[in-house]
Every structure is written in C-alpha cells, then in structure tokens.
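Alright, structures below, take your time with them.
Shared between the two complexes below is chain A, which pairs with chain B and chain C, respectively.
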Partner chain A sequence: MQVSNTRQIKQLQFGELFFRKGLALSALLLGIILLSIFITILVASLPSIKAIGISFFYGKTWNPVENDFGGLPFLIGTLVTSILALIISVPFSISVGLFLGEYFTKGFLSVFFKNSIELLAAIPSVIYGFVGMFILVPFVRDLETSLSLPPYGVGIFTASIILSIMIIPYSVSLIRQVIMLVPSSLKEAAYSLGATRYEVIKNIIIPYTRSGIGAGILLSLGRALGETMAVTMLIGNSQILPTNIFAPSNTMASVIANEFTEATGDVYLSALIEMGLFLFVVTTIINVIGRQIIKRFSID
Partner chain B sequence: MESTILKSENFSAWFGENQVLKKINIEIPRNNIVAVMGPSGCGKTTFIRCVNRMHELTNDTHVEGTIFYTKNDIYKMDPIILRRFIGMVFQRPNPFPTMSIYQNVIAGYTLNGASLRKPEKDELVEDSLKKAALWDEVKDMLHRKGTFLSGGQQQRLCIARALAMKPEILLLDEPTSALDPISTAKIEELLFDLKKNYTLLIVTHNMQQAGRVSDKTAFFYLGELIEYNDTKEIFTNPKNEKTQNYITGRFG
Partner chain C sequence: MKSRIKTTARVAAGAIILFSLAAFTDYKIEKSKKALVAEDNELTGAGATFPFPFYSKIFDEYNKKTSIKVNYQSIGSGGGQKQLQAKTVDFGASDAPVSDDQLKSFPSPIVHVPTCLGADVVTYNIPGEPKLQLTGDVVADIFLGKITKWNDARIIKLNPAAKLPDLPISVIHRSDGSGTTYVFADYLSKISEQWKTKPGKGTSLEWPTGLGAKGNEGVAGLVKQTPGAIGYVELIYALQNKMAMAKLKNKSGNFVEANLSSVSAAANVKIPDDARVSITDTDAKDGYPISSFTYLLVYKNQSYDGRAEAKAKNTLKLIWWTTHEGQQFASPLMYAPLPKEAVTVAEKILKSVTFNGKSIL
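On to the complex of A and B.
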C-alpha cells in the first residue's frame, strides 16, 4: 500500500505523536505515584516523628498501651532475620549460579533448572508461610527441645530459613548472568596456563564477577528486609528484644501487618507508618546501590 | 639433523558433525618458527588449539589420530600438565583485568596454587618481562593493572605470562592481528629472539608475516595440509597449485 496523499501522512504523524505522548504519560504517572506514596507516608508519620522523636530508633520497649513506641526490637528482628537468611542462602546462590552459568549452560535440563529456580519467586508468599508452619515449625520445635530451649517452633530461625529460600531466585538469576558474561578469552588464557576448572572459577571467574555477585546479594537483601506475609506467619510476633536466634520476634514489616488493624490512637498508627517509611527508605537505598553496581558491571 | 618436538599422525578434528581438520601429518622441528597460514576457516587455529588440547574445551568436539610431543602422545597426557609445556598467546591480548602486571606474569603459578617466595617471584617476573621485551617499559609500574597498557604491550605481557611457565613450545594464534604496525614489528622482532630457546608455532593469515618471521610454513586449505616446506621454498617455488594461487593472491 502506498501512502500518497498528505492527509494520510498527517494522520500517521498524529498517531505517532499521540502514541509517544501516551507512553511518556504512563511513565510520568508511575513516577508521580511513587512520589505520592512517599509523601503520603511521610505526612502520616509526622505525628509519630514529633511525639517520639529519635528514641523511635533506640527505644527497647514497644508498649502501645503506655504510648511507648521504641522500635529497636523490630529493627534488630529485621536485621537478624535478613542477615541470617543471607548467610543461609548465599552459598547456595553462588553454587547454583556457577552451576547454571559455567557448567551447565545449555540443554533442556539447564533450562528446566533455571526456570524452576525462577518459579520459586512466583510462589505466593502465603504458601511459603503455610509450608513453613506445617513442615518447618514442628522440625524446629524438636530441635529446640533437644537444645533445651523453649519449644516455640516459630521464631527468627524458622522465618530465616523460609526467607532464605524465598530470596534465592533473585540472587541466582543475577549471579548466573554475570558469570555468563565473563569473557571466554580470560577463561581460555587461564586454561592455557594449565589451570583446572576449579582454579579458573576461583581465581578468574569469582574475582571478575565479585561486584556482580555483591549486587545479587544486595538485591536479595532488599527482598528479605521487606518480605511480610511468610515472615509474619513464622516469626512468632513478639514485642520483646530477641536474645537468641530461636526467640520469637518481629520484623518491621511483620509488626505493621500484625498491628495495623488494631492500632488505636493517632500516635500508634502513625508510629507504624513511620516504621513503614523507614523500611521504604532503607530498601530503596539498598536497591539503588545494587542497581548502581550492576550498571557499572555491564559497562566494563 | 634437527630433532622433532611435535609430530601429528593422521590427525583429524571435528566441531559436531563438521570436520575441520582432515588427516594432518606434520613434523615440527625444535627451535624453529613454523607459520601456519591459510584462508579463514581452513582449520589453522583449530590445529594449534588441538596441540595444547584447548579444542576439547568447546562442547561437542572430538578428534581422531594423535599428536606426539617429543615421545609422548598428548591425548594420553593430562591436559593440565601438557599446557605447562605448551604455552599459548591468543589473537586478542587478554591480560587478567583483576590482576596487576606483576600478578599477570606469575598468574600461571598462582592459578595452580603454587607458592613462590618473594625473591623467586621477583626474578621470574623480571626474567619473563625481559624475554618478552617489555621490562624497560613497565619496570616502574609493575603493580598497576595490566589493562592500562597499550594493545601491543598487553600482547607482550601475555607472551611474558606464557614464558613464565617455562614452556618448550609457544603457540601464537594470530598474535598481531589486533595490533598496529609498530607493535606488530616489535612482536615479530621478539619472536626471532625467542627462537633460540623455544619452538614457535604461529598462526597467521598475513602472508608477509609468515614470510618474514618463519623458518617453515604450512599451508592449510579447507582442513587439509596442502603443503609444508621451508618458508623460502613455499614462497619462491610452491609445488601445489593451490599454494601458488594463495600466495599470488588469487584467493584467500
């Protein structure tokens, strides 16, 4: 078909322009939404920021009845749960990333493994919570009994294990990709010097991909900090500062999910929102740093 | 009579179903520079990658026939050991970007987990860089990253890295194809010096280069060894019509 007359051309140009503006508008809209979420949370936290001040971050007691809002137990709970989950998941992420990125890059089984790991991220959080409750909790309870600890079953340890499984897909997929990006010329140079495969991985691949692996771990930390449903179901929901990794606790996300509906009083509600604001800021910073590292990695 | 250091017998190699080398029989004399030339896709790179068994690192490849390194069948040797006797320099300079110049030179040792004492390392680095004619240019910045060097310097660093392993044979896969003429001249000069202590097998599709640097030349075409003789003979009095056509520029 030939576009011969000017009217048709004008129409096409208009369509083109309209389409482009439409795309720009959608992008802009998302930016506005992000900003308004931030502002809304900020404004809603103001009463709490004014009433509680800086002690929100170091106060050890969270007692809404006495209007005592010290968030430290939840900060510690979040930190310990996430870091423990990272410690459990990182060795697996790196191993699986190496396996799929270096050893087993082609073929049906490789695709199958890769997809199954990515599907782990698609399982709804509440399912992880259920699995944790029915399978992990009895197991941890037995473990606690044999260690002569109070047999709660639920607690930081249980939540961390489930969390570690939930965050694996995020780091594996990035680690696998950066490992596949290692130039084969470098690997060949090492092989030509008489290196074994393990030596190539240890001395060439890992140093070359260090920042990418770091970014993968950071992004999965971002996920771990904000994960709510499964953690809420498994962490035991205690307001007390945890004393060991088997103790029941609460993360910032789980305390919000647990107490939001029953938060009576302006400061109480506002304190929970401030917790959310803080979580939002922390995870945003972690994500930005992670993405910065990835960007730098893909350039050089 | 010169002794033979490398000898292939009816050697064939495949990528999947595709046969890239067809029954190659060749003898490489010690302390010679042998140029392997031919048009793209003739199997010359594959041939030298079989000599240090790098070919088998690619999936779905296989070989038939054998290559002897001195008296040993290389396909019965451990490739890790073999590659310490037979060093390799690649088409594009590939110093390890995470290591300094110093670390690059001794990379072969650190990769294999060998622990050398500081004076040994220093000596090895100086010695290898001198052999690769790079010492004077880099002696004041040994601890900078190797990737800061120019392309030609990087390539000589890679030669130093290979020489540090004290190999007997050095394989060079179009070592100057990514370099400018001045760097190329330097590397060619260097190859001439290296001949005293090493046997060099150099792949090139630059005929002038083959003519300038080598003692013997092998002409490969479509996976076959068409002609192999003293370089002078090949260029002045080629026996085979295909060789003649190639060196007169009728194809290639």
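On to the complex of A and C.
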C-alpha cells in the first residue's frame, strides 16, 4: 500500500513537473519566435538601411525607378486611416458593449447579437473590400461630387469607414466582458442612493471599466494598423501626401502587399522589408503609449 | 528523491528530442533521395504572371505528348529572376528583358528566349462611349496630370467627331508592381522627354497623379466604376471583358487598333541576336505601339550544380517546342504568336546554349 502510494506521488510529481516545463517552453518559444521575426526583418532590411539611411523615415518620395525610398506618405496614410477608423468606431463599440454587457445580458436575442458581432471578425477582409467597393464607393463618390471634390470614391475616408466596421468586434467583445465584471454591490449601492440607470453607467460603470475599455480600443487599433487587403482595395494607393480626408493615400501594409512580388533589385526589396520593420516599430510604440494611457486612467 | 525524478525527466526529454531530430534528418535524407530519383522528367519554372494561362496550356499539352511534367509558378517576373539566380528552377520567365544592371547579379550568363507577345491598351470610361483616337504624347500628358479634362483642345483635335464632355480625367494606374506597368512606362519614356526623366520606366513608378488599383481586374473595375476615368490594362484582359480601347497613333502615323495581328506585326522589326529588345513605339507600319515580348530565361551554360545532361536537354527541348509547335495555342488564348523573324532569333539563341561546352540542340 505504502509503496504504491509513493509511486503514485512520484508519478504525480513527474506529471506536474512536465506540465510546468511544457508551459514554460511554450511561453519561451513565442518569445523566441517574436525575436526571430524581428532579427530576420532587421537583417533583411540592412541593404536598404545602408543605401537610404535615416531619410527612409521622413522622405516624401517613393520612387522605385530611382531607388529613392521615403516612407512618410505611408506612415501618414496608416496613422490617419487607423485613427479615423478608431474615432468612428469607439462610440459604437462602447454603446454596443454597454447594451450587451449591462442592458441586455441574457436571453436568445442577446446571444444572437453577441455572436453576430463576433462573426463580423470572421468575415475575410477581401469581402469587406468588395462591400466597400460596390456599396460604399458609389455613395462616397456622390458625396464628393456634391462637395465638388474629384469623384474618386476611394480614399482615406472610404477606407476608414470600412476599417471601423472591421475593428468593432475586437473592442466590443472586451468592453462587454469588463462591463459584466462590474461588481453588482457597487451598482446596487448607487441604485439605493436613488441613482438612475444612466447615472450608474456614467458614474460607476464607465469609471470602473476605463482601463478595460482602453484595452479594447487598443486591441482594435492594433488590428486597424496592420489591416492590408480591404484597405488596399479602398484607399486609392497613391503615394502623394494626402491633403484632405477624401484624398487617395496608401498605407505601410498596402505598399508591401502591392509591390513585393515584382520588386526587382536588392535595395527595392530590402526597402519594402524595412517598411515592415518600420510598421513593427510603429505598432510597438503605439502599444506602449496606449498601455501608459490605460495605466494612468485605471482606478487601481 | 525529487532530484532523481528531475534527472529522469531530463534524460527522457533529451532522448525524445534526440530521437525526433534523428527521425527528422532521416526524413530529410529520404526526401532529397527522392528528389534525385524524380530528376529529369520534371522541370520547374517560375516567373511572369502575364503569360501564365498560355504556359499552363502548352505545358499541359507538352506533358500529354512527351510525359515530361512542367511545374510553373506564376510568382511575378521579379520573383522568376530571383529564383533563377538562386538556381532553384530550371527556367525563369520575365515580361521585361533583364536589365544590364541585374544581369550582373546572375552567377553566369543567361539567355532570353521570346515566347509570345502581349500588349497594353488604353481603356476609358466616358459617358456616351465615344470611340477615341490618341497619340502617345497626349497619353503621356494625361498620365502626367498635365491634361486634366476630357474636353481639352488636344483631345478634341484628335477626335473632332466625338462628343467629349467637360469632365475631369481620373487617372487609374496599377498599384502593384507589374510588367504591364513596365511596358506602358517604356512606351511613354520613348515618346515623352518629361516622362523619361520622371517617372521613368519600371515595374512600379512614382505616379504624379491618379489612383492605384491592384491587378488588371482592379484597374478595369475602377475604370468601369468611375465616370471620366482612364487606365491601362493588358490586351487579353480588355478583349475578354470587351472594354473600350483607344486607337493609338504609331511611329508611321497610322492610328492602330490593338488586336492580335497588330501586336504580332509590331515585332516585324530587326531583332538583335540576344532578343533583348523593346518593341514599344515600333517602326513596323501596322504595328500596335505598346506591344512587348515575354521571355523564358535559362543559363547559357547548362552544366551547373551537378545537373544531369538529360535535364538540360529536356529544358531546351521544351522551350524549342514552345517557340514552334506551341505557338498554335497562343491565338485561341488571345496571346499574339511570334512572327517568323522572332522564331529564327529564338532558334539561334537556343542553339547557343551549351552543356560542358557542347551545344545541346
């Protein structure tokens, strides 16, 4: 009896150890993969870094014929479309989050709405591109005509609208969950003091979930920065610095997707990879800043 | 006790890793052995997307005839050149001849064999669908953003009978790097001094105006959607989709419509021995001015990297067939077949390819 007991304990210990090591290994592996990706693109962009230098980050021309590569128009295009998309989507994602997390938490319809919104994330981005192309573009074109702008239909504005729809599910699912986590004791206390539902939301739920809402928005921003296909189809792919939000522009992810296959010449290819590195760095910086902001706003 | 278990675990984990490594190496060896056995009856090529339907048809026909299997991947001309440089394929394919600069980055000399012809057409969307005639310099100035309205005096002068509206011109160009763009820019560089200095010619350009769209279908779609748009697409694509095409004035002063015979006619010029020639703005009387060859690329000396002679022979035979019997499959797929003179040049080039210093064909 005793013998079998120690054997069992041994086996359990062995299992525990193996499990823990396995977890550590998986975590380590992910870190290694991230680092390897960074090193790979860094090494592959060395020829371009050597040939172009620092002007890659502020140059306004992207001229593959002359091997003159400046990434500023793409940086501006990426930031403007993503931030515009965020501005459009945030009111919606907070409202939907409140609706599903506070007002309408149970029942068939709630599940239906919740799943529908999550399904938005499952639609391939090329489909969003087509929807934008055939449904949104004619509207925007009419709008542009009435504003006496060139009737392109595609451009920053169109791309941002589609992008805002694409990123909503990412923020909604997180915001809904943090709203549901607000302790009912807090809410009940407020109600007992005579607060209306709106006052509870304004004074209890929103302040309590600030950091969660921030994280949700950050998640959707990350998605917006890297989105390629739908944006490529709708942004107009022009390297000229945009002058207004209806102007055609280009993003960092788009230019890589567009030009990579036919990039002849080492510097050209390397410049496109450096663009990827640039996007990597920009995304990281935005994430770090975002985290700081969330930290500052969180109550605990 | 605990430490003993730890040691056992470590030994076990080590053994598992070693074992799987060994298994993996075995697998790799197995695989490379297989690759050696598969050898000579399988050829691989990679490159241009434009002639892909033509190549896949004729390689299929060739397979039925000879049981030689050709695996062609249409990864783009740039990629094709890269793969051939790395010697991972038996032949590369490119829409534009490899530039002098890039020729230097090949480990040993390569040859260009023309296989068929393609062309770019200028397509447009003007309400009322008038038929347009344009000259090269007008096209250049439209794409440079210097002509901005459809009722510009220079366009009206070329098309006195057409009803041209007071509509802004929306220029649509390719956003992805493309041989189509290269041919278009090559033509405009010959016509317009300003184009030659900037944007110049290449697979991607710094466009002074307009919108970019991905692929022929992207450009065609945007042109169809946007009133007042003008763009350029491959002839095949325009024919299949029955798009409006402008007649272009060629060097001899004739306004020529783009079709298979006018494109083939464009190659009726003196072709240099290495076939690396641009036939845009052709001297041929009935030739369409934005036409070009597409090429297969192979190393001039085929005995590299321990390649079997049989494989070299099969590669060459395939390309020979492509430039001869294979040509009958071009027209039905709307590719312009090679004219006689080009075939003669291709023959000479193929005969110059050697294996261990001896001519293969």
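Simple rule for what comes next: the second predicted complex is superposed on the first by the 246 of 300 C-alpha atoms of A that agree within 3 Å, B and C clash if a C-alpha of one lies under 4 Å from a C-alpha of the other, contacts with A are read in each partner's own complex, and residues count from 1 in each chain.
Going forward, a contact is a pair of C-beta atoms (placed from the backbone, for glycine too) under 8 Å apart; a residue touches a chain by one contact, two chains touch by 3 or more.
Computed from a prediction, not measured in an experiment: that's the story for all the values here.
Enquirer: If you count the residues of chain A that each partner touches, which comes out higher, chain B or chain C?
Expert: Counting residues of chain A touched by each partner, the higher count goes to C.
Enquirer: So, A:Q13: does it touch chain B (first), chain C (second), both, or neither?
Expert: A:Q13 sits against chain C, while chain B stays out of touch.
Enquirer: Touch test for A:A122: chain B only (first), chain C only (second), both, or neither?
Expert: neither
Enquirer: Per the contact definition in the header, classify A:I54: touching chain B only (first), chain C only (second), both, or neither.
Expert: Neither partner.
Enquirer: Mind working out whether A:Y208 is in touch with chain B, chain C, both or neither, as first, second, both or neither?
Expert: first
Enquirer: Report for A:S185: first if it touches chain B alone, second if chain C alone, otherwise both or neither.
Expert: A:S185: touches chain B, not chain C.
Enquirer: Thinking of the overlay built on chain A, is A:W62 touched by chain B (first), by chain C (second), by both, or by neither?
Expert: Touch status of A:W62: second partner only.
Enquirer: Looking at A:K106, would you say it contacts chain B, chain C, both, or neither? Reply first, second, both or neither.
Expert: First partner only, chain B.
Enquirer: Could you tell me which stretches of chain A are touched by chain B in one complex and by chain C in the other?
Expert: none
Enquirer: How about chain B: which of its residues touch chain A in the complex?
Expert: These residues of chain B touch chain A: 52, 54, 57, 59, 80-81, 83-84, 87-88, 90, 92, 94, 96-98, 107-108, 110-113, 158, 161-162, 165.
Enquirer: Once bound in the complex, which stretches of chain A touch chain C?
Expert: Within the complex, chain A touches chain C at residues 10, 13-14, 17-18, 21, 61-66, 133, 137-138, 141, 150-154, 232-233, 236-240, 248, 250, 254, 257-266, 269.
Enquirer: Provide the residue numbers of chain A that touch chain B in the complex, in ascending order.
Expert: Interface residues on chain A, with respect to chain B: 106, 183, 185-186, 188-196, 199-200, 203-204, 207-208, 300.
Enquirer: Within the complex, which stretch of chain C touches chain A?
Expert: 1-2, 5-6, 8-9, 13, 75-79, 81, 99, 101-102, 105, 168, 170, 175-179, 198-214, 218, 221-222, 225-228
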